[in-house]
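Paired with chain B in one complex and with chain C in the other, chain A is shared by the two complexes that follow.
Our next item is the complex of A and B:
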């Protein structure tokens, strides 16, 4: 057995507030070995981050009280008498990478100097040596032109690049352990894949241990060697990654796995969400903390006072006392009946362009350029179908959504809704049209007026469009809407901040449905939610579509979600549709290199599949739309680009019935792939 | 909205705020029930008692004409409070509406309103009030209008800023999406979410309005001379400051206390309405 880097034993963290105590971490133990990648997963509020912060005493104390120990190099970091030692270790030998790279860098300091400052502080090096080391580190995290970029300021870097800088800073003192706390959550999938691939290579090379804290099961499946599943402040199951995914042995782990949509799913699988919410931890849970939400609980689960860690396999432990867990993902009651979509156009977008002028100058603003947010977009949405729209951020997805809703007027082109051109409507008609076309927002908190009660938020469309006559009818309709989206009507008088994220998103959906629209634009409706809640909302949207005959335009950056819910998928890159087709052909047989990259960037929560997958990472970031590359705008990042790609903008052409691709080399790539496949 | 219990708790935990509330309450009671509380008619002259020293009969003594100072102070509270509240309501409502419209619509509307505001702000408040007072003539109502109008620019600026930042919130977009009219968006969504800093400012400005009223009355441009007002009392007594200091000192003290109380209360109110500060109280 080789030595452990960090050994955490029975860690407990309580926040003793004036009137209540939060038991955030309840006896967490784990150890990490050199060069090992460990994943910690669980929903938000399960104590994942707090337990990592507690080992380094990064939680404010008081109110926090930390017990247990975390041994690094024979010294207990949790022990207050070792505070001096902890300070020398923290940020040096044990380094952390946080979620928000943009706010972690000082905006008025050159990035190179920020990194070398950290190096000089910890390693006592001179200015020149520190500079050389910084450039070496920047090269290590694959920042192009490291020497020149040393002199740049943080705002000149993209989010992904800033995260690389943060990793370089964390790596600066040759740490033994790197803790990445949701460090790629805020990034696009493609960038996330780039960063994690790089991070894995770097830690493998330097034999650094890496601890990844995340809610994304796919990430741990792809990268982690060992996984700890946390719930309500405790580790409920841990073991090697392969064991956790092939033989999950805690009802919670099974619940999590069943609630996420997967790229390799069957289409008709209904997600099986974990109902309810994690406990608020203001009291120590009696019995199994998960029993309140568990569908496979035994009578003794809620009362049993002690749950010993039970060995279920080699190095695989679980707290669950149910030995006969059902792991199946498919049950007859969880399959949706297939939709029948008539060939009838509800909405058609023809040649839509939208340009934003770029202005410069303080006193006399001059237009110095144009940003092409939408560039010749053509789409057709049939009645009753779900059109999924994917792409990285900054690709014009939201601009398209807002154009349909009439919040932005396009520069040219038509949006035909049942034959009426929405772009030609006046203000009053547009308002009238909003009864029929509604929007579901990404952030369910920011989009609800904090000063209004839930009941009046949901009922507002009824008032605005005068859809009900009389108080009684209004109240009845509001109650119907509550029930329709699975909300308890007694929540009517609550304020938005008293609800959980999932409940708030239900409010958003009920509000959108109040005027009985036929077409819903869903702009990233689940990306701000936890996986189990995400599953609840996705199922709700599917059920509502079938019950009310709705048509969706579903915008998301997560292809596994889009694939799960959509009938047709359109892939957007820098304001253009680069590929579209029905979900099956597009996912089975992606033609455009960008689609291929997007698909392979999404990790599948199954280590077996991940091991055999060929990851087609793409280079670089999404370029700024104000400096569009000529020709095919994807060519600078495309691994297959030829000279022709830069010459002309490729047209969308039909490669097989209903499958359109805008790529001149798509056939060549496919040919090469199938040849390579047959050679094997 | 915060719970009532915690509001009172915050109030009690800060004794200066509590004291200011008590003081303001006392002055308001004096103003409302002035006719019942006054021991004498504040206008009744009693020449044998001119400049009488404080006694049991006249608690604060008598002025130049032998009028009871206590009664005049109480009636003066009524004058000051009435003018302060009404002028703040005039200024606050006008300023809030104009700021809301300017911030919400932007463009030409915004430019016109804001440039006019800039022009008004270039004139010192007291000079502006003075000018309006001279133009409209001397009456209590005109004084209220003068003080109210001179405070409008500050409200416009503040409300416009609030509106511009609230306008970009997602829930305002959401209101647009469901088809709310502009007036509904402004009235139901932006106004309730922008109003709290304005309430704080208005409270602090109540003190300012009392000062303005007193200053104008001192200059002889305030309320008509037959109505007892603190400013007039200070100015009347000023010539006798050496022989009978009480004549000016007592109304002056009242002005100071009320203004101070409104300022402290306004500060406390801001802390209580601000969730970031509220947590640490």
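Our next item is the complex of A and C:
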């Protein structure tokens, strides 16, 4: 391991905009060796992507100005005089895979052509040889029918397959280094696991160095050998993966680890968010960039101007000058007082179906099929509880939420709220009911009117439902709401774009609370947020539930978040509930093969656990809801599927009190697994 | 795809029917008719009535429209009252003149427009971009008749390099023909060219910032290869859309330009016939222009499919 593939030294990138400068990368150094998997983690905007793109000069310049060097094979790639050389390296010896696989491929060019283009360019092969090599690569990344699919266009592939094509493209010229920038973030967890497993196998086999850029600590714990933690454009700590997780030596790393919910938390742990927000980097951070949010600050931290990398262990370095960091916080359980949930039904969903016609055509739309978005959904939510609904994209979560809110009407079935069927209410009654049932959106950016001040956004429901009499009462109530969600009332005149993502989500919550609802539907409320801010919002939701006696339907694709906040969990797959039960039973004793796959696909931010965990990777993509597989919809991907599975839709049956599973052979599978487990 | 085209043609014919009907109606609503013009001062009520009867002008409007329509199906576009000749004969002569000019203007505006648009986008914010954008903005807002007069004064009257107006058949004197056509073609093309520049520029800029262009760059391709293979083809869709509309705009321009430069084409014929209340000729002109626009749009529509596989697929389903 003495040979380095790439050696990056004091890299600096700043974007000199007309009115201000963004100091995106401030002196980043790292090196990477053949066959090594390096993880770069940090929150959004901390310069992870810009530092990778700067080494290949892929940032738009101007406005970007890059300094420092990135040495590959003895030549500095950052040096403009090596531009010609850099071009021959780019996509050849150093290749990148980006976040959005669907948009990263040219929509009007055959995918095979796009891959062979790079091969012809870098390997100087003829058209036929390049084609043969492309097909071989497509087979390697497990694209079925590679020969025929060569001629296909990107829109004919799913997101996961596009990403595999991108990997094939990146691997096409036997690179020495592969940079995967959030390359699985946009994908469903089961697909993410598939892709990452494949990527790891490929690089191990070819001794390619792999650099994974991600904000997901679980992923680096599972795959990385070495980890670089970035904050505000600098590497604040780096070392072997195991050391970073067992002995984090920078207050930021510790904060990060404390704020993520984990699948293996043994108790109802209260998350420890990092208060405040990352700096906007419009001035060069002086001293310790983290000091404004640091809870372990020393008096010296403010006065000290030099923060040299200091060795804290073998190959483990940190910028933090506090030698006595408190790491114990990581597991400290500031337990909420256990919730007591009465056995009283607040909302009950019975036999809910929703079909959407699939229309195609430009002028004369024609119904060519239908999507069964909700298929016989039955759920019961008790007063005061949180029901977590998980499932991959397109499985019908949002359709369910919108049905409850009366935004779409179901094809059949009942939604009983305190005994009244919401689907049968007229417009006026529905509007009245909306006071009681409120929605928190996924995207705090899109859901707030940019022309309104946040004070009037929060106060709007008060006016609409005529809940306050008089100006004074209105203002008082708005202020109350601000304080309730932890927003400074002096922000009231700002407009939404002047707030951070977390603050915006607080505004969304305050607005939802204005009409004193009893039931909140939270549709992916934290998925657009950074982990440290996500923890703030999750804690806020939990606190509000206790204080105001709220009931939540909490929808998310992230199982560790759902597990953290929910009392009961329902797992959805292609419009059906496949398993439900209280959180503990469901997570400890998952029965349905899909739930099991989902759980094992979620990486846990702990390398020790990850190393011993055995991943039940499932094959294939999520089928389109418009072409539902018959019988158990999961059977094309299920490792335990038998002929019976394709024949009949399995019923949801109770395997133990309160635990329902829609798979007839679930017990047998579990039994076999645990026996195999104990035999080992 | 064929099914799609058949459907499109059917829709287009429907539109054509409505357009010809409306133009017939408008001609009807303008006071006066051909008889008033033919007889002029000699008109007596008896003479006029007799002539009207012989020309079928005494029949109700709707009947006449359907008579005209029926004629079309027999391949007969009717007879011009004013020229006393079949409309088909009259149009064929004029059509060639107009088409030659319109086609030249279309080619120039498209080729030059796309080239300048790309140059402008690639040098975004630079000298060439500013210069091109400046003239494109002027070109869009300047009225054709005003530009025509300006050109005549400048090149014909002051500099005397080009003939003021008139038309010579290319078979008679090709050089003179060319010189006579320079100004009309340019004046017709300017508006279309300017909008083409702007459309191309914004389409290319939009495409350049797409993720797949970043991918192409990451692959190590040269900027020129990226531009040609990845950017231009994707930018072509909005350009094609504009091209479809340009044909219509060009026809509008031709009508004005032919009148300024005294070119005996369809535009001039149309205007004169409106004044003469020569309803069959007006209908003929409108019909021909409509058909050309429809064909052009169909071509554009079909070519979308060639450029973008996603559109091809949607059309196959439809």
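Everything that follows uses one rule, which is that the second predicted complex is superposed on the first by the 662 of 680 C-alpha atoms of A that agree within 3 Å, B and C clash if a C-alpha of one lies under 4 Å from a C-alpha of the other, contacts with A are read in each partner's own complex, and residues count from 1 in each chain.
Quick note on the criterion: contacts are C-beta pairs under 8 Å (C-beta built on N, C-alpha and C of every residue); 3 or more make two chains touch, one makes a residue touch a chain.
These figures come from a predicted structure and were not determined experimentally.
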Check whether A:438 is in contact with chain B, with chain C, with both or with neither, and answer first, second, both or neither.
-> first
Can A:446 be said to touch chain B (first), chain C (second), both, or neither?
-> first
If you stack the two complexes on chain A, which partner ends up touching A:545: first (chain B), second (chain C), both, or neither?
-> neither
Look at A:568 in the shared chain and tell me whether it touches chain B only, chain C only, both, or neither; answer first, second, both or neither.
-> neither
Could you look at A:505 and tell me whether it touches chain B, chain C, both or neither (first, second, both, neither)?
-> neither
Which partner, chain B or chain C, touches more chain A residues | C
With the two structures laid over each other on chain A, which partner does A:375 touch: chain B (first), chain C (second), both, or neither?
-> neither
Which of the two partners, first being chain B and second being chain C, lies in contact with A:461: first, second, both, or neither?
-> first
Both chain B and chain C contact which residues of chain A?
-> none
Residue ranges of chain A in contact with chain B within the complex = 405, 407, 431-432, 434-435, 438-439, 441, 443, 446-452, 460-461, 464-465, 495, 508, 511-512, 514-515
For the complex, which residues does chain C have touching chain A?
-> 7, 11, 210-212, 214-222, 229-230, 233-234, 307-310, 313-315, 317-318
As the complex stands, chain A meets chain C at residues 56, 58, 87-92, 95-96, 98, 100, 103-109, 114, 117-118, 121-122, 153, 155, 166, 169, 360-364, 366, 368
The residues of chain B that touch chain A in their complex are 1, 169-171, 173-181, 184, 188-189, 192-193
